[in-house]
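Everything below concerns the one structure shown next.
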Amino acid sequence: WSGPAAVAGALERAMDELLRRAVPATPVYELREKTPAPAEGQCADFVSFYGGLAEAAERAELLGRLARGFGVDHGQVAEQSAGVLQLRHQPREAAVLLQAEDRLRYALVPRYRGLFHHISKLDGGVRFLVRLRADLLEAQALKLVEGPHVREMNGVLKGMLSEWFSSGFLNLERVTWHSPCEVLQKISESEAVHPVKSWMDMKQRVGPYRRCYFFSHCSTPGEPLVVLHLALTSEISSNIQAIVKEHPPSETEEKNKIAAAIFYSISLTQQGLQGVELGTFLIKRVVKELQKEFPHLGTFSSLSPIPGFTKWLLGVLNAQAKDHGRSELFAESESKEISEILGGPVNETLKALLSSNEWVQSERLVRALQAPLMRLCAWYLYGEKHRGYALNPVANFHLQNGAVMWRLNWMADASLRGISSSCGLMVNYRYYLEDTAINSTAYLGSKTIKASEQVLSLVAQFQKNSKL
Amino acid sequence: WSGPAAVAGALERAMDELLRRAVPATPVYELREKTPAPAEGQCADFVSFYGGLAEAAERAELLGRLARGFGVDHGQVAEQSAGVLQLRHQPREAAVLLQAEDRLRYALVPRYRGLFHHISKLDGGVRFLVRLRADLLEAQALKLVEGPHVREMNGVLKGMLSEWFSSGFLNLERVTWHSPCEVLQKISESEAVHPVKSWMDMKQRVGPYRRCYFFSHCSTPGEPLVVLHLALTSEISSNIQAIVKEHPPSETEEKNKIAAAIFYSISLTQQGLQGVELGTFLIKRVVKELQKEFPHLGTFSSLSPIPGFTKWLLGVLNAQAKDHGRSELFAESESKEISEILGGPVNETLKALLSSNEWVQSERLVRALQAPLMRLCAWYLYGEKHRGYALNPVANFHLQNGAVMWRLNWMADASLRGISSSCGLMVNYRYYLEDTAINSTAYLGSKTIKASEQVLSLVAQFQKNSKL
Amino acid sequence: WSGPAAVAGALERAMDELLRRAVPATPVYELREKTPAPAEGQCADFVSFYGGLAEAAERAELLGRLARGFGVDHGQVAEQSAGVLQLRHQPREAAVLLQAEDRLRYALVPRYRGLFHHISKLDGGVRFLVRLRADLLEAQALKLVEGPHVREMNGVLKGMLSEWFSSGFLNLERVTWHSPCEVLQKISESEAVHPVKSWMDMKQRVGPYRRCYFFSHCSTPGEPLVVLHLALTSEISSNIQAIVKEHPPSETEEKNKIAAAIFYSISLTQQGLQGVELGTFLIKRVVKELQKEFPHLGTFSSLSPIPGFTKWLLGVLNAQAKDHGRSELFAESESKEISEILGGPVNETLKALLSSNEWVQSERLVRALQAPLMRLCAWYLYGEKHRGYALNPVANFHLQNGAVMWRLNWMADASLRGISSSCGLMVNYRYYLEDTAINSTAYLGSKTIKASEQVLSLVAQFQKNSKL
Amino acid sequence: WSGPAAVAGALERAMDELLRRAVPATPVYELREKTPAPAEGQCADFVSFYGGLAEAAERAELLGRLARGFGVDHGQVAEQSAGVLQLRHQPREAAVLLQAEDRLRYALVPRYRGLFHHISKLDGGVRFLVRLRADLLEAQALKLVEGPHVREMNGVLKGMLSEWFSSGFLNLERVTWHSPCEVLQKISESEAVHPVKSWMDMKQRVGPYRRCYFFSHCSTPGEPLVVLHLALTSEISSNIQAIVKEHPPSETEEKNKIAAAIFYSISLTQQGLQGVELGTFLIKRVVKELQKEFPHLGTFSSLSPIPGFTKWLLGVLNAQAKDHGRSELFAESESKEISEILGGPVNETLKALLSSNEWVQSERLVRALQAPLMRLCAWYLYGEKHRGYALNPVANFHLQNGAVMWRLNWMADASLRGISSSCGLMVNYRYYLEDTAINSTAYLGSKTIKASEQVLSLVAQFQKNSKL
């Protein structure tokens, strides 16, 4: 009788067996340059075994075993550390100290790094490692695998990917209607921010007054890693449907109608490259490209979603309901007006309402909610923090890049998705090119958010009228 | 009064000033991911300052200062080492140990690595670093700069280049008469083994029954990094002029006349990539490419020069002349015959002769020297060692790749260059594809040289007839 | 007061004015090589004037005026004819006769040919002429313009286009999912035979076990002139839905499953190129291409629609109804069976039925109609003629190419379109490569149709059982 | 016994046999669209037979037979002419006349045109016809074949080539050092005006401050048909060595140093395309291209050789020597000065001198000859005519294009070739873009040469001081 446990045991034994065979041994320090590369098959075995694991949990199990079983030899590290320390006390010539440090450095390289290194040399090997890291991140998010060893392995992988996907090796490619269908299909499928509905929808997003760029790695041209969509407009857009739904003013671009570039979507297509800074570089490169094409173009801004705002708002409403039985988010007069329209207590009805998306049908309600939701959202973006940085990930991304939190826009995304996730609000992060370096440093270093008067004034209104 | 010393002092001050400004500071461990990249200009300064140094000695001076002044903070390393050691004695949970090790790892990264890392992201930055390493290697060879810090920096650079020029990012390109003139000119100029004389000479080397391949990095297509020339023949070639001088049998290749691929030249075009293993990979890739084009092709061999043989021989003759006043390299009968032809004592006349290249004019002499020079050369290749590996660098290269030392060829390179450097001898290193992995491991591990019967028999004759 | 007539008069005067200005004068014979080309603007005027005519009728009017007013100078032709005839009676040396003939030849060139010639040299000029001829053909079909002058001009244009679109200047291009979206959109829109429904539909038609090729002119690569779709199958297909609807057996092609190539759609995308023989050449080139890719592929056949069959059948039923009050198309037993099923007189109920497409819902009816409709269709294809050649245009096309009328397929196109136009019937024209030249000559010369036994036997059944 | 005559007879019989087989019969008028194309092999036979004829005389013989034996059917032409004439006298409706003319037109098409037409559809067929016409022109020049039939065939071929090589089908390609070596080798070999000496010579001609463009046919990209070299300078060049020998001012072009484009070489690479007007179109296209790259560039001129001037001068000297025993080309004072320098009678010594090229060594002589040779050359270019047009072919080419004869330059080509062919003189033909159309018409129509004041003044001096 062989039940699930026995099967699992068999699989685990197979994993251990595989790892023993596939992970190259670390040569002793003296022979590190005299050891031939492992046979191609050795590392390819790992790739095909891994590829054969259909379940995320199985892959997570294998990665966990790799991380825990084939990391650093702590004994070696301790021994070499002692060697270095001893030299500290008995000074010798520089060469001796430097070599001791180099031995220590060598000892600190986890053994699985050798496996990744050799896989990277296989055909399609780098691509495999990108997918492997995507699996690893997902497994961590789903708690399929945990612990410091796995975190360390993730860091090692990220470091390797950062070297390989360095900006010197990225090609900027522009997507047009002349691009291969394969590329357009990929771009279309990866567009998470404002989904593409049809062939013609896509044609418009690469047509006049629009640009779509992506980075590909020089070894895999035509394969998008990170994609940026933008619109060329006469002023900073405050509404997304005007960009992705309405037709452009004409079939041929008139340069004198173009004064602003509005980044309205940026998507990473390969989750395994999270943290590799592709988005930031892409925006910088595209700005340069646009300046070449339109020397007089001077205004650069995003039109960004605010994912999580509705959820945060519902959370706050909930909490307040529990604590006080009433909302302190609204001014007296606001509460009254809203109650009248809704015919019930603000908090409870509002909670139901925000979940249902139907409130946008009532013009009166839309008008009544504008002021309070604008200031609440301003606070959410500006005041809510995670380890001192902006809680909202899109805000954090643009602020890291040195953009200014520039303008909140009411009823900027009237799509079902826009209403559900952020009550229809969107925000512009504006890039003043001469200031982005300073802003970025200020944000990363002292966690200071640069915001426009509109935003700051909304925040002030929040502080005056709402309590959390 | 401002003399050379003052000028030199000024330059050195300028160097220190530049390095202080250009080399990015290392962020503290906690902020290592929250520190924005240095401004582009900061690293670009270094590139342009370096570019402005016209003298090799000046560049060497700058590199020396960089290596010595911006390496590892030994205090930090010692501190973190102590931290790791302490945990060894007071065991805590894994996370704590792993983090301590990671801090130590971070402390072991030399500060100049950050400079190189950021330069690599500039336009043309990687290319600059390749040239910088070429300068560094040359400066070390010329003793313009020395010491363990410089050796360490060279190792760090080599490691970075090895990641970037990993085989996954190399493109194999074939050169034909349709390739850009720029590429053909570069290939022609970089051909060190058998120099190209004219436009038509080059046309023949990329024409029928010949192949010329190179690796380029995917970010700079069309730029040869390492070049391989080969001839498609009916049997293993024993003479280089038949390849580079004589015309091929016909203008169109007949597949059934092709049974062997003879690698007759492999050259690294970028000295800064020494040690990055491009040559070995190139041979492997080209073999695969040829197998695709000619599925029945089964014989792969080099026809290689033996640089240094004449020099070694003259050294031996010299030494013996000093020690014994007579040669023990030749058998009695040989000495006698050579003396007769030359009309003088073997050693002395031979030394003069080998330096002058004229001996090839005498058929009798050529005949008389064949047996002794063949066995001496076999010994030179097979028996002379450097740290246990073959002294001759070409031999060492092919043996590392797993080739067999297969056949010595008499009068194989009758060019002036061939006579001067190796008495006209050449050697075939043969690649038995199924054995290269084993041979390579045996050579690298136990320093065993795999040789054919011809070679072994010549070595045996040497051991019987000659004394060193 | 300026009514429509006055406007029309104004437009006609503008046309005459334009033609006077734009059509280059014919130089006298002696200066024919010493006359500079007309200014670019002169012919460009015609192009832009023509482009500004929004109505088909207006364009037809202009073309009519051009054909009638700027043709051959009949007086000149007569004069030169007389010159030639005179030499016939008073023989002189050859040079004199040849020159007289050359003058006559020169006189026979219509003046508008000069206009077309110079337009062809403008940027986009040839493309303009292709569209102009498309207009001309459409205008003739709609009787917007008529007469011998227009027919002559059409012939002249066709002759010029035939020189320019000669097979030596056509490039065969294969469409895949890597082709530009623009190309795939064009192909998709021009597919008249079996319409493309969606992006994924198109992806399948260029995917595994399918091929899509087109000819482009070498001056406009990527612009399809004529498109051929084909399926790679194990045997000659008898059903179109199996090709355009069902999924292929697997994602990667297995060469050993491919024994036949089935051309299932060929469409001219530019109507102005009618009669230029592109389709015939395309099939020949594609066959060569396939033979290169699949050396063992031996079976080539079309799976073709039979446009017009239902219409012809309804016409025959109508005529018989008028003439005899009863159908002589069916055998006694057939009539009886059909009547029973339909519950009414064959002819009338059948006519209603065939117009409505609903009969395919009744299995019994489908079975009852198979035999009679098969033989009627065989007769329609084989026996119905126009000037001695097959009346059905698709049949005529393939027979001209030398194909054999090979197999009629019952319920081969169950789409609404297939049922309406040909009662669901389709036919295979098979290409026996070694015989196509002979078959083509026989068909074009003596109007003999080569047909298979199945087809001939159906025709014989028709002749036995049906009367027209 | 089979001597040369018998062999020749055999070859001729083989030719007749081939032509009978290979030249397609002309279908009767009614079947002209219903006749299938001849089998591919039929026309390919002609191509391979022709290719097998090694001797120019043999090829000429075959072409002569083709021209004489497969031209127009004069009987048919006469018959159809009569038909047309009859209608002239008995008017019928237009359709009848137009058809009669069309029959006549059809009868006037030589039968060999069908052969050429079908050859053009073969792979490489058009290229074959270009070579065939080159042979035909050469054979006519060498008098290997003569007569009106051959002239007619040449005209027919030229007409066909003109359609195929129409400017709409030509691609402009720029040559740089990145172009394929094959292209650069072809360009280098075809440069007849100022021969290319080495690889580096060629590199300079495609380097900074230089441009090299060619036309290729769209069906054979990368194959130069006609090549134009030009220099970008600050003013109109007066010396060719400054262009092809001296190094450009710097490695990177500074746009503000570029005020003029000097066409210094234009060569047809395919002699079979003589008379097809490629050169004229190429200059026009290149001017447009340059204007796009350098919007402020305003000066366009050639720096042209004057082939034939020395020969013409020697002829004149000879003739005068015969007629008068003395030269009337020089003014009294000039004759005296030259005689003094030479120490002998002007005419005779000058004749010897001009043949030997040594006179340029004497500064005094060079000074003495400048004035008389300048005015004689001006007359040669401006006053010497062939059928009313400039005798000098280069002058005729540029004048047809509408250029102005702008400046004669003394000692402009000091190469051996320059001295021999035109006493070192060169001339600028300047293109005033706004006037070229008018100038061209004036030259072609009324044979008027537009010249600058310098040229006209030299001509006046000639008329005053020299007699022919």
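A, B, C and D are the chain letters, set down in written order, and residue numbers restart from 1 in every chain.
As a convention for this text, contacts are C-beta pairs under 8 Å (C-beta built on N, C-alpha and C of every residue); 3 or more make two chains touch, one makes a residue touch a chain.
Computed from a predicted structure; not experimentally measured.
*Asks:* In the chain contact graph, what is the shortest path length, in steps, from chain B to chain C?
*Replies:* Graph distance in the chain contact network comes out at 2.
*Asks:* Any chains in contact with both chain A and chain C?
*Replies:* Per touch definition, common to chain A and chain C: zero chains.
*Asks:* Tell me which chain's centre, taken as the mean of its C-alpha atoms, is farthest from chain A.
*Replies:* D
*Asks:* Would you mind pulling out the distance in Å between where the CA atoms of chain A average out and where those of chain B do?
*Replies:* Taking the average C-alpha coordinate of chain A and of chain B, the gap between them is 43 Å.
*Asks:* Roughly how far is chain A from chain D, going centre to centre by Cα mean, in whole Å?
*Replies:* Measuring from centre to centre gives 66 Å for this pair.
*Asks:* How big is the gap, in whole Å, between where the Cα atoms of chain B centre and where those of chain D centre?
*Replies:* Measuring from centre to centre gives 55 Å for this pair.
*Asks:* What residues in chain B touch two or more of the other chains?
*Replies:* Residue numbers touching two or more other chains: none in chain B.
*Asks:* With touch defined as at the top, which chains are paired up in contact here?
*Replies:* Going through each pair of chains, those in contact are A-B, A-C, B-D, C-D.
*Asks:* Provide the residue numbers of chain C that touch chain D in the complex, in ascending order.
*Replies:* 34-36, 39, 71-72, 74, 77-78, 81-82, 84-85, 88, 94-95, 97-99, 101-102, 104-105, 108, 120-123, 125-126, 147-149, 151-152, 155, 160, 163-164, 166-169, 171, 217-219, 400, 437, 440-441, 444-445
*Asks:* Can you name the residues of chain B that touch chain D in the complex?
*Replies:* Where chain B meets chain D, its residues are 177-182, 184-185, 198-199, 202-203.
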